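In structure tokens below, several structures.
Next come two complexes, and both contain subunit A; in the first it sits with subunit B, in the second with subunit C.
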Partner chain A sequence: MSKIAIIDQSTSEFTRDTSLSVQELACDPCKRILRNCKDSSMKIDAVILSTTSDIQYGSTILSEYLGIKPIISQRLDNLCNSGTNAIVSAYSLIKSGLCKTALVVGADIRETKGSQLLWDISRGSFTLPVYWAALFAKVHMRRYGTTEEQMASVAVKNRKNAYLNRNALFRKKVSVDDVMNSKKLVEPIKMLDCSYICNGASAILLSNEEEAKKYTDRPVWIEGIGSSTEAASFSNVSSELSCVQSTKKASNMAFSMTNIEREQIDVTELHDAFTIMEILAYEDLGFCQKGEGGKFVSQNNIVINPRGGLIGTGHPLGATGVAQTVEICEQLKGLAGKRQVNDCKSGLVHNMSAAGSSSLVLILS
Partner chain B sequence: MSKIAIIDQSTSEFTRDTSLSVQELACDPCKRILRNCKDSSMKIDAVILSTTSDIQYGSTILSEYLGIKPIISQRLDNLCNSGTNAIVSAYSLIKSGLCKTALVVGADIRETKGSQLLWDISRGSFTLPVYWAALFAKVHMRRYGTTEEQMASVAVKNRKNAYLNRNALFRKKVSVDDVMNSKKLVEPIKMLDCSYICNGASAILLSNEEEAKKYTDRPVWIEGIGSSTEAASFSNVSSELSCVQSTKKASNMAFSMTNIEREQIDVTELHDAFTIMEILAYEDLGFCQKGEGGKFVSQNNIVINPRGGLIGTGHPLGATGVAQTVEICEQLKGLAGKRQVNDCKSGLVHNMSAAGSSSLVLILS
Partner chain C sequence: MKEFLDFLSRGKFRIPICDNCHTKIWPPSNICNNCYSKRIRMSKLDRKGRLIEHSESFIGENKNLGLVEMSGIRIIGVLSEGGLTPGSVVKLKKCGLDKNNSPYYEFSSA
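Moving on to the complex of A and B:
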């Protein structure tokens, strides 16, 4: 079977305010890709729109806005990991032979209903995600001695990275003290420990091997895909709260598809919805031993969240997984400018939904 | 590559009123399939929920309701052809090797926002689908002499078929006079020319060849898939209104994938959102010559809409494409009871969205 490549990528600026609709926002990152397609006489066979917003027929509306008539057009949601799920759909449509190329577009606006989890009655009145982040943090602190300062260091690192990313929402560096002194939301989570739901759109173009070679000298290959759905409700998410089961399973599945080992990963975009979730992800992705995540914040072997992660770049729900993938593609292609990781050969994307109830992992090279 | 099969199918009763949520409704047709899975020790690798309702994380919520932990879970929308699009996604996930099995569930309730096309500003205040049906009807009548009685005959046939379908919304036969004398909505479309948006849910289970053979003696094979997206807005749907371009393209693509010829199709479920759309589909699917659709209503070579189509069975938007596929599977397996078509070897599903702006065709055997 043909290998599947990501052959182009683009992202909009992530913003706090916008006057654009989701569809209009979604067009922004597609414009540059469509120009390149025109230059290469490349036809787009599928359009998949990842969004948590309620635009019925949204991918077909977007296709009309873009002036293209794809074979297949679908709008997809799986909350915060909609973006990487859309990439998996595009991968499959091409792998199956139904399509040669597929455009994946993630777009959301700040007012999306995905910011509270009203359907999850097991949360009682604790519908905001910060409540479950606090539970994860408390368990990890108690069991492994993880400190609030270590969590704060995650925010410091990611905001520092975002400072170099002109598309990021937050372009001001912060110190550990700034995080520690920011408004306490739910013990021990403070304002600067959190990502922020914002407006944004990102897009990638996938193709089979043959089309990839016509389009670019440096296709990014999808080497591994892992996915796991544990539950939808927080009360069913895990038997214990010091790890995210779905991430562990997705990570193992993705690495089992490829010869690339964890030690070979040079760069990773992982789902830091809250600082504690980055620490858990270090462990659950297998980058460090269980319980060592707090100390791992200061390591230098793998570059983690070079664009600034969700904390620095902002979190437009349906766009996030696509935006993470755009960053890894730019890093692998040497196009990341001031953020460029040296000698970057293999990368990983980790994208999660609703308290880690489902996770998706991509390995790219 | 492995062939892909539909190995189980089930549908709920389609109703005018329900006290159930979309998620609850979606569980109904899955229950029997899950019992069979348990008996066969079959694991469900993917759950794809097709719906136009706004339940974020809906497929994952459904998975939790059903007590299953799939690898991949996605909610999908492409308006009225969401159902067959979900089948194409499931097909691709299996064909790509990421999954061995996939459960596709279509579910919608009558109050869905998909019943009006408010985003399509090219319709002006004519947001209800009946307006475009009237335009298609007038063009066909003027150009090919199609009569209101021929259109009425489509409703008579489909309501007669629905009379034998215990899950259908409308179980009362009607006469040509009944249709002709029903309330005129938009010249020449009358109340009984229309399908009716209702509550309903349907489900199918897909697998690769190996799993199919373990599960059933009579898998239904997906032989051909065709899809086409022409536009989202009515004003861009077609250069001329006597045919549906997306259906012609989808049909040609589906037949080009298989050795099955149009003459070999024994049974078809096609998208009769309005009686005129059934007549157009006869022509656009290639069952008769252009302009002959009106006369084709009375033919007996291919059984069209044996469950009663959308007009007889009702039209729960996101469920319709799955429900059509359930019917063709039951026909091919000889399980259609009083509706059983004799010596049924090959079948076709035709599922359309928003004024035929996109279409999907499946060929099954």
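Moving on to the complex of A and C:
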């Protein structure tokens, strides 16, 4: 069976304010990719727009803005993991033979309705994501002795990484004390433990093997895909709040599809919506034992969230999964500049939605 | 869902239970998520439950909140008193719709 490649990638600067519409934002990272396509006479067979913003016919409007006439045009939403879901859909369209190439564009604006989960009535008036994050954190602290300082260290690391990322929203380093002294929101979560919903857009171009050879001598291969949908509501997420069940399942599924082992992963972009969620992801992705995530923050074997994660880069919901994938592609191609991880051969993307009710994992090489 | 909210607006907690297979449908909907029967009945539940985890919110006015498992379903609600710990037996003391028409649930020690 033919392999599927990511042959180009681009991301725009993530911002707090914009006067642009989602479709206008979405055009930005596509410009350079589409100029390259013109140079190599490559046709775009599919356009998939990942966004949580409610824009009817969004991908087709985007296609028209970009002057392309794809066979397939679709808008996709699955909240915060819309981006990687769009990549899986593009993968499937190419794998089926229906398309040879597919452009996946993630774009969102800060005001998206995806930021509060009003449909989940089991949460009562506690609709903001920070409430479930606090409950996950309290369970982890009580059961495994994870500390607020360990959580703060996640923010320190990701902000430090974002300092080297010119597209990141937060380019100011912070200390453990800064995080500990930032405004307390919901015990034990403080302002600097949280990612920030912002404006942003990212794009990747996928193709089959044949097209990949025409376009680049350094394609990134999609080696493994794992996904799991446990529920939509927080009340049905997991019997134990000490793990994210969907991440465990997605990770196992992705690794079972490839010969790449966890120990061979050099670089990872994982879904640090809150610092505690990075700690849980270390464990649920299988990088460390259950309960040891707090200590794992200080490890040096795998580079985690080199672009700054969601905490440092910002979190434009529908763009995040695509932006994470752009970073891993740039790392694998040696294009990450000051953030470049040495000798980078295999990478992982972990993208999650709504309290870990669904997760998606990609393994790339 | 509408029936659930109608009851809730009158301070009553009723959830749909399937007449065919007795599944508690939570969050509520008008179809059984086990056997897909539409023969469902809005039913009372035992209001006693177990506190799974709790926290304190400093967003707006300070509030204690907790995740409670009650007759097999889970809800996040306000804890009307301090001193409750995970495992504490609690009961649904009040429920309803607030001024924004959002559901609220309040638990106290049983």
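Going forward, the second predicted complex is superposed on the first by the 365 of 365 C-alpha atoms of A that agree within 3 Å, B and C clash if a C-alpha of one lies under 4 Å from a C-alpha of the other, contacts with A are read in each partner's own complex, and residues count from 1 in each chain.
Quick note on the criterion: a contact is a pair of C-beta atoms (placed from the backbone, for glycine too) under 8 Å apart; a residue touches a chain by one contact, two chains touch by 3 or more.
This is a predicted model, so every value here is computed, not measured.
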- Query: On subunit A, which partner's contacts cover more residues, subunit B's or subunit C's?
  - Reply: B
- Task: Using the superposition on chain A described above, determine whether A:S233 touches subunit B (first), subunit C (second), both, or neither.
- Result: both
- Task: Go through the superposed model and pick first if A:K333 touches only subunit B, second if only subunit C, both, or neither.
- Result: neither
- Task: Answer with first, second, both or neither: which of subunit B and subunit C does A:R307 touch in the superposed model?
- Result: neither
- Query: Given the touch rule stated above, what does A:H271 touch, subunit B (first), subunit C (second), both, or neither?
  - Reply: neither
- Given the touch rule stated above, what does A:R159 touch, subunit B (first), subunit C (second), both, or neither? neither
- Query: Between subunit B (first) and subunit C (second), which, if any, makes contact with A:F126: first, second, both or neither?
  - Reply: second
- Task: Could you say whether A:A354 touches subunit B, subunit C, both of them, or neither, answering first, second, both or neither?
- Result: first
- Message: According to the stated criteria, A:K100 is in contact with first (subunit B), second (subunit C), both, or neither; which is it?
- Response: neither
- Common ground on subunit A, meaning residues reached by subunit C in one complex and by subunit B in the other: 233, 236
- Item | Residues on subunit A engaged by subunit C in the complex (per definition of touch) | 118, 120-128, 130-132, 134-135, 138-139, 142, 183-188, 233-236, 241
- Which of the residues in subunit B end up touching subunit A in this complex? 1, 47, 52, 54-61, 63-64, 69-79, 85, 88-89, 91-93, 95-98, 113-114, 117, 119, 225, 227-233, 236, 253, 353-354, 357-358
- Note on the structure: The residues of subunit C that touch subunit A in their complex are 1, 4-5, 26-28, 52-59, 65, 67, 73-78, 86, 98, 102-105
